[in-house]
Amino acid sequence: DEVKIGFITTLTTGAASIGKDQENAVNLALEHIDNTMGGKPVKLIMADDGFKPEVGKQATDKLVKQDDVDFVAGYIWSHVLLASRKSVLDADKFLISANAGPSPVAGKLCHENFFSTSWQNDQTPMAMGETLNKQGVKSLYIMAPNYAAGKDMVAGVERTFKGEIVGKDLTKWGKDAQLDFSAELAKAKASGAEGIFVFYPGKAAGAFIKQYEQAGLRDSLPLYTVFTIDSLSLPKLKEAGMKSVLGSSMTQFWSPDLDVPANKKFVADFREKHGSYPSFYAAQAYDSIMLIKSAVDAVGGNLDDMDAMRAAMEKADFDSVRGEFSYGNNHMPIQNFYSRKVVEDADGNWTTQIDQVVLENHQDVYASECKL
Amino acid sequence: MLTVEGLNTFYGSSQALFDMQLEVGRGEVVTLIGRNGMGKTTTIHSIMGIVPPSSGRITYKGVELIGLPSYKIARLGLGLVPEGRQIFPNLTVNENLIATAANTFSKANPWTRERVLELFPALAERLTSMGNLLSGGEQQMLALGRALMTNPDLLLLDDATEGLAPLVRKDIWTSLQALKKAGLSILVVDKNLADLMKLADRHYVIEKGQIVWQGSSQELRDNPSIKDRYLGV
Amino acid sequence: MSHPILEVQQLNKSFGGVIATDNVDMRVTQGEIHALIGPNGAGKTTLISQLSGLLTPDSGEIIFQGKTITGLPAYEFCRAGLARSFQITSVFQEMSLLDNVAMAVQARSGHSFKFWKNAKKEKLLREPALQYLEQVGLAERCNWLASEVSHGERRQLEIAMALATEPQMLLLDEPMAGMGREESAQLISTLNGLKKDKTLLLVEHDMDAVFALADTITVLVYGRVVASGEPDSIRNNEQVRQAYLGEDDN
Amino acid sequence: MPEATIGKQHTAVKWISIVMITALAVIPFGLYLAGNAFWLDIFTRLVILAIAACGLNLILGLGGLVSFGHAAYIGLGAYAVGIPVYHSTYGGMDAIASYNGFVHLGLAMAVCALFALVTGIISLRTRGVNFIMITMAFGQMMFYAIVSLETYGGDDGLTIDLRSEFPLITLDNPVTLYIVCYLSLLALVFLLHRISHSRFGLILQGAKFNEERMGAIGVNCYRYQLTAFVLSGLICGYAGFLLGNFTTFISPEMMDWTRSGEIMFMVILGGAAALWGPVIGAVIFIVLEFVLSEITIYWHLYFGLLLIFSVLFMRGGVSGALSRWFNSSRSSGTQRQA
Amino acid sequence: MEASILVIQLLNGLQLGILLFLLSAGLTLTFGIMDFVNLAHGALYMLGAFFCATLTIYTGSFLLAVAVAIPLTALAGYILERLVVQHLYHRDHLDHVLATFGLILCIDTLVHLIWGPEGIAIPLPEILNTQVEIFPGIVFPTFRLLIIGMGLTAAAGLYLLVNHTRVGMLIRAGASNRRMVGALGVDISTLFSGVFALGAALAGLAGMLIAPITEASIGMGSDIIITTFVVIIIGGIGSMKGAFLAALIIGLIDTFGRSFLDDIFKIFMSGEAAETAAPAVSAMLIYILMAVILAFRPQGLFPPLTR
């Protein structure tokens, strides 16, 4: 008799580095808890979504129907989460998002068995809007990929940023995504903005930063990002000598240098094991295991007692790497958001450092649409 | 020069050639005649290595041809004018002529583009046309010219006068006569018996994949029953 | 009782600099065999292609059975009763000989928006098809694939397909080319037999065949009609002898 | 002797049909009854994709028209379920808001027919690779058009909260759904069988082999090809309708060109020349994909190698190889007598 | 101000076009001329990028890396040709598609196994990592100028090779009738292997030039392959000139669409609507372009004189 956890992430395609980071974090978390929850051994089943909603859904179906897991966690991508959520929830299992936070699951599609250890998409860019206000930026150029999350990010910044938006480009995304931004950068430069805000996840990040550097915009057009520069991309950027990211600003709910005991242990052990800083994806994945453990511990391993487990999770009563936080009615975290800067650490590695808190105990705006 | 012995060739499981034999001597003009579908083209394709024979021997200047890829066979000095012209549609006339041109044996008076155009003045006016835009007859001339430009020792003509105007056909027989004088060997498949008899030294009559008769022009002329039985003349 | 079934007026066609059809006027009388000869590249195939709708003339008129059909798509020419064979064999290589001809029969028999009935078992298609194959001497081989028969046999198939569309007029582009002597002879007699109810326009370099068959001969040189008339007058026409036939015999 | 070949192909086809019909009926239910519910899902998906592949094969196999945009029809069919359901759940667009399956099906057919007609009229002007690419272009346009529909989730996709409702049957039951898909496939294959031997089918094949010749015997191929194109779009739209009801989640992703590619691969892998080819292809494709991906996350390597080997050593796809095998094992006997 | 951005966008469009041309040039050789539908062309582009990235990091010099990586990619192409492609020339296009799709899967996975999933960024030498002022007020990244230069050189070389050398004629001849070329004494299979390797080298070169701008990453080939096909279809299959012009047209239209479409749309619709419509349309732009061109010229813009 064991606690079965299915974890869906991306293990193939170019996005597999994210999946790998999450997998490492999950394994570290299991190691930290001696692979037991509520006195029972944990059985972890990792599954690949291939970066495609249909594949993700099929993998989820298999976890639910064939492997009969108790919890399904993971999900990097919004569309994979949205495609799979019904399968999990209809089967009366817990679903824990370790990254994706599209607005429907926080609002009208919220569900009692759904929890998030990450954030709602809009929150991070809203924090960025505040950061820009605090830094006195008056005019801004915006670039993001033209898809749901990209538009969410843009909407988030626009919601809080008080200055003028002098230009905006939504670039092609998907299979034949645009990775050459020369035309947009030329426009941005000509626009005379005081800063540029971008959201480019995955491999587009490296591409953007390089072209930003090659276009020589570091001094004239300071860079503000969300979900673009992280511990996965920084080592590569360093290798390629992209010095222009040093000093650029971003926002996040967490940072490797966050001064919380659980985080210190997580980051130190992760670095020791894998030689690099964990990414925020890893942090969220680590927390998702801890959240599950808090629930299973609370019922002493009696996995049939869904209500008690749910109640336990709603308390968010575990040592999160982000420190104290609580759950809103929609089971999305209410937490702090920080502004961070890219710096070089003592050993010469590039990492991020917390600047200040920009949003305190922030709750997403969709919570009110949730009927829970 | 060319000896074919005991050749058997199949298309899938159906046999097209049965124990085929023939010989072409140096400087000789030999014909292969027979009705439609009797295996003339198959014989020529077997020699050129285009259709692999299943058994038999083909030797050319002492070299065994069976098993060699066709480009190696061609380089030994065999020049093919294929049935149905098969010129390169996406090359101009000029390119069709020079693309595969060669003079492997460094002949003294090699065929050049100029000589070919002299033989077929009609082509000279079409040098920059794409091959597939030529008229049927022009294509046929081009196919002949193309083969000559590889400067072969043995020319294989498979219905090379198909679709040519009488006048041009006559010119071709004349120039073949000249080529023969110059020492070229020729194996020719054609239906114009009268012309063939003037040009050729020996004839092979093929029926259902087998040689059923062979002999000189005179013997053929004297043997109306052969003509009647196998050639429908 | 002879009136023209096909009339060509002032037809012109050029490709870039090449004038392939140069102001051609021609009349083909109902029921005759009309031969079209001329040196290679004279524009015979080009003319046939215009008469069968595969090429559109630059200017001029094609009048068939009193109707102007210039500019219509190829299939309309065929529907009007003009069928052609191709100089460079054009058949359905992947189909059996019988299916090839049956296809032509089917095309003749009206529209084919029939989705259910098995056409390969339709007697209405099979039987006539077999007959046409017999006519050209291919009946024995009716189940062979077109790609598996010899070049000459494919030429015969070409004719059978043209016949199967039951045209009033047949345009034959070098039907004898590639055929053996016996086959040619057989074709000559077939064509002679058709003469009763079909009009034929025949392009051919085989002068034996031309003089054996033709009622009228038109000679084309460089796209232009240089002579037209009875076989004998053509045979003796000095210009034709020089440009085409060659000086001496036939 | 070629006469005999045709006869033998018939036996091969017959055997393959029988094997396929029974396998598709027995295996999933067997596994389902053995408590392996997930395999029923796999087979449902497989049968739906087989329907789409058969639809594509109507123009690809018979007509030689390789469409690279057929995923668009699957997507349209699925959205024809998703959008009415969305509106009847959340309001708006009263004209189409409905849970009724007939409305969904009708909408799917109408939209697919229209899209096929409009794009077919233009695409059929081209041939060969240009046809492949222009159909793909139209598919991609539809893809980006759906992506930009934010109401329906954009690229995040749309959850279908309730399946199409029909009198008497409920698609919510996975077994019922499978039976519906299975019977649809059988009916479709039979229909295609008839079409391929009909006059219409012969014309399509003639146009594939030699279009110029068709014109010269008096056939206007364009009309027939356009009809086939629309029919094929309808079949894929129907597959989309089923797929929407099966996955209950739809996204533009399912209309992407790679999806069109996958359907095409199923057809080629199974063999475009044979009636059951696309079905065999779909079975192999889906089952291999599932089994291999269970074994290793690097399954693409083995999958790729299998594809390459199948092309190199099995001409005409699996069905081609099978019927050749049938032929040779039969004809070695007859050869001796001859 | 307005004029200078126009000039810069022109240069950007030109550079994108040239890069597309390098990719499509290789494809024109293998697909347009040899008539082999090579979906794996993109995989060779990716291999080029990865070879170059590794070598740059290993040798410390980008240019040296390119010099070594080009023959290396050609070799990879040659091996593929010998192992797989060679056996498929006489098959129909669908077989090509399926087999080369298999190749893509294999190569992508092998790259994943060898280099890991995250991709590699290529550092550029200082001189290339700068900007030049071409005209007063018009500053352009040096490296992108280099791309334009390389592309034009390759274009000229290829044009000469294909249209004015015997090798070019033989490739074209071999594509239309392999058997006949063989029967006329030319070793066509060696020739084709060589051409395939050349096509691979060109694809690889494109990958090496793009990698410092984006990065070497898995799947970069499949992302670009469709655009590449669009280029050669618009240009007219088999025409080097067509590929070149179509690449430039697409590069320019794409760049200008991205830069100015929203402003144009704002003239006749609300700002809000323009903001959603412009990116959607600019994403579809090349497909719309292709559909329109094919609707009016089914053979593409500059089809070679025969089909």
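A, B, C, D and E are the chain letters, set down in written order, and residue numbers restart from 1 in every chain.
Assume contacts are C-beta pairs under 8 Å (C-beta built on N, C-alpha and C of every residue); 3 or more make two chains touch, one makes a residue touch a chain.
Worth saying up front: this structure is predicted, and the values here are computed from it rather than measured.
Between subunit D and subunit E, the least number of touching-chain steps is 1.
Contact with subunit A and subunit C alike is made by D.
For subunit C, the chain whose average C-alpha position is most distant is A.
Using mean Cα coordinates as chain centres, the one most removed from subunit D is B. Taking B-E and C-D together, the pair of chains sharing more C-beta contacts is C-D. We define each chain's centre as the mean of its Cα atoms; on that basis subunit C and subunit E are separated by 48 Å.
Between the Cα centres of subunit B and subunit C there is a gap of 29 Å. Centroid to centroid, with C-alpha atoms defining each point, subunit A and subunit D lie 38 Å apart. Chain contacts: subunit D has residues 147, 150, 257-258, 298, 300 touching two or more partner chains. Multi-chain contact residues of subunit C, defined as those touching 2 or more other chains: 148.
Among all residues of subunit A, those that touch two or more other chains are 12, 146, 174-175. Residue ranges of subunit C in contact with subunit D, taken from their complex: 52-54, 73-75, 77-79, 83-84, 86, 90-96, 99, 102-104, 106-108, 112-120, 122, 143-145, 148, 161, 164-165.
Residue ranges on subunit A touching subunit D, taken from their complex, read 11-12, 48, 52-54, 57-58, 61-62, 65-66, 78-79, 82-86, 102, 104, 109, 146-149, 151, 173-175. Residues 48, 50, 69-71, 73-75, 79-80, 82, 86, 88-91, 95-96, 98-100, 102, 104, 130-133, 146-147, 150 of subunit B touch subunit E in their complex. Listing the residues of subunit E that touch subunit A in their complex gives 1, 4-5, 8-9, 12-13, 15-16, 57, 112, 116-124, 129-131, 139, 141, 143-144, 210, 212-215, 217-220, 222-224, 226-227, 255-256, 258-259, 275, 278-280, 282-283. Those residues of subunit D that touch subunit E in the complex are listed here as 60, 66, 122-123, 125-130, 133-134, 136-138, 140-141, 144-145, 147-148, 150, 257-258, 261, 264-265, 268-269, 272, 298, 300-301, 303-308, 310-312, 315.
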